[in-house]
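Common to both upcoming complexes is chain A, partnered first by chain B, then by chain C.
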Partner chain A sequence: MAAGSTYTPIATYTLGSNTTVTFSSIPQTYTDLVLVTETTGTTNGALDVRFNGDSGTNYSRTGLYGDGTTAESFRNTGLAYGLISAGAGATRSIAISHFMNYSNSTTYKTYLTRGGDASSGPGLSIYLWRNTAAITSIALTGDPIGSNIGSTSTLTLYGIAAA
Partner chain B sequence: MANTFELIASTELTGTQANITFSSIPNTFTDLKILLSSRFNNTNNYFEVFFNNDTSSGQYSSKELDGSGTAASSGGWSTVAYWGFSNKSNYTANTFGNAEIYILNYANTTIQKSASLDTVTETNATAANMLMSAGKWVGTAAIHTIMLRPDAPSNWVQYTSAYLYGIKNS
Partner chain C sequence: MTNIKRANTSGITKTGTAIADVPDAPTIGAVTDAGTGTSVTVAYTAAATGGTVTTFTATSTPGSLTGTGSSPITVSGLTTGTAYTFKVKGTNATATGPESAASSAITPATPTSYQSIATFAVGAGGSASINFTSIPQTFKHLQVRYIARNTSTGYVNGGATYMQFNGDTTVNYSFHDIRGEGTSTSAYGQPASGGNNVMYVNGSTGSGSSNTLIYGVAIVDILDYTNTNKNKTIRVIGGQDTNGAGYIDLDSGAWYSTSAVTSIQLTNGTFAENSHFALYGIKGA
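Moving on to the complex of A and B:
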């Protein structure tokens, strides 16, 4: 593995109170982004994700999920935001999300997110954002959209360079 | 530029071995990642992940999502730390499974520790699995030791390798 020059922290938050988070002014100098989250205090066990403030129904997903008893696959189109696994109530949940070719300005953007916790189980989803703009901001709220993420949650955005 | 993804320790086994242990892990990183290439000398499915030598029953829990190539299933554990699969002795010769273990906020001293684990056991044969796990250790101490242990009576075989990386958020 090359040295850390290809895994560079862009910004990190440790929440001191219930709030929402926006990574803005994301530099366009990397190839991919990785968002690592350990979260708690959401209402529905998910973070809602919007790129560049886009609230249109431009997000879709296909996923796998296991709750400890049943495995299932799901698919949704026409969503107004993407989702990332998060802790509901007092549960702490982790997620690692990869945003590929985020600075490309000619293709739709995809991200792969995997996460979960020992209470609700693991999941893996791929999302498409039907927009060709380079991603310059990532806004995260609790689900339902606009609700808070709990205090003590940690969120770090890393930049991954191909060279 | 700061080195934010740093190799802390690694091992490649020169013979059969019961456990792989990383000890004296510095608390100067934010997260830890382990990359494991592994095979058992017996036919057990799982390996366990223990922190700080805590092997007590009930200290770990997990839920998992499995795919066998023909079906998907989900299960969970509450008394053992069965977090990952490995290739095993009745799989295609010379094939090794892969695992990635990601442990967040390992140096924190107030929260119970969470981890995600992805494993695959591709063999170019009928037996192959992928497994995703979400695991928790109820301990709140900073993690200074990690032990990877096959379910008995399996041991790790020669050429099994493990790499421990530290990731910094600043």
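Moving on to the complex of A and C:
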């Protein structure tokens, strides 16, 4: 079994002002993508995610979170965007999202996120983007869709290549 | 000694004795960083003409470091951060032939701590099991990442994969999970005492989902897998979403064995075409 180095940084945004972010022209040479976000300043405590500019109701998720007293689960169907946890207002939040086999053009895309912040607790979510297209761009805004992500937020996209 | 085609490079042909032809120059191919920081692989295409080659040799410039074998040849002992080119030549009983043209330059990069070990992409007809064998013992931790669809039943949409180590099929596995199923949460466990003969890795999409475009995912961390003085601990994050059903799952598990993990087997029904499994190693300091 040969081994090869991977987990390669593709692009990083460190926001100097409140703005939105798009990772575009994503190389199609990796197996998985990993998005690491440390964000603040969103209205509803989430990042809204769209792939390839798709604004159709093709996104859904199932989530699990704990708030210090209870564990709860939730589900959203027929969304026009995916959701990743982010810090609301001044609260800071981290999330690590894994986009598996993102370059295949045969299956729908399933991805998962582990994230949380000190004020609302940890969470796990599994997502489905009902589209067989390879992911070539990832656009992120605050929630509600189109709003800004707070300045000083950092967002890094990595590529992982299988042997 | 099969043919007399021409004089060798000395220009002398021995009358009455068949002299094997001298190899012609191969065509150089791609040179690839092997990810170790000190080795690369050199691809070539053997010449269609000339004598039959018994040994192909790749030689570096600078350093004259060599490797032999079939394409791609591994050349080791390189210096991280130094640019190299490579030429390949063939040798047989008669002589060593001329070298190929030089390859493009390559600079072995400092290896990262996260390295790809092996991958399985399930093709047409599916696969009943995925086996990672001969796992290198040079990392600190392992990570298995997969997307999968199989014929499993019994969980949300089916949705389970079984993991075993080193071919151990006895009741040496335990696991506990917390899961969210959209409207409710639950927890499940299989203790070590009277435990299970497999570890459940929730994350595939099973027979309960009729949409064959939907695949579940899982990321499995196997910690300190080479140690031989304690049992092995495993963490799993996985799930599937089908736009109206599905689950997200966080598992912890254990394999009650002090053996180093040298192989991993994943089963449960048949994995569908386009399922994809990859094994990675994470270095320790």
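What we mean here is this: the second predicted complex is superposed on the first by the 158 of 163 C-alpha atoms of A that agree within 3 Å, B and C clash if a C-alpha of one lies under 4 Å from a C-alpha of the other, contacts with A are read in each partner's own complex, and residues count from 1 in each chain.
Operating definition for what follows: a contact is a pair of C-beta atoms (placed from the backbone, for glycine too) under 8 Å apart; a residue touches a chain by one contact, two chains touch by 3 or more.
All of these numbers come straight from a predicted model, not from anything done at the bench.
In the superposition on chain A, A:6 makes contact with both chain B and chain C. Residue contacts after overlaying the shared chain place A:32 against chain C, while chain B stays out of touching range.
When the two structures are aligned on the shared chain, A:71 is found in touch with chain B and with chain C.
In the superposed model, A:152 makes contact with chain B only, not with chain C. Of the two partner chains, chain B is the only one that A:92 touches; chain C does not reach it.
With both structures placed on the common chain, the touch criterion links A:48 to neither chain B nor chain C.
When both complexes are overlaid on chain A, the residue A:114 reaches chain B and chain C alike.
In the superposition on chain A, A:143 contacts neither chain B nor chain C. In the three-chain superposition model, chain A touches both chain B and chain C at residues 1, 3-8, 64-65, 71-73, 114, 124. Chain C meets chain A in the complex at residues 33-36, 109, 111-112, 114-119, 132-136, 138, 145-147, 178-185, 211, 213-217, 219, 237-244, 246-248, 250, 274, 276, 278-281. Residues 1, 3-9, 12, 36, 38, 64-73, 92-94, 96, 114-124, 152, 154, 156, 158 of chain A are the ones that touch chain B when the two sit in their complex. For chain B in complex with chain A, the residues that touch the partner chain are 1-7, 30-31, 61-67, 72-76, 102, 104-105, 111-112, 114-116, 118, 132-136, 163, 165, 167-170. Considering their complex, residues 1-8, 31-32, 60-65, 71-75, 77-78, 98, 100-101, 104, 106-108, 110-112, 114, 124-128, 130, 132, 160-163 of chain A touch chain C.
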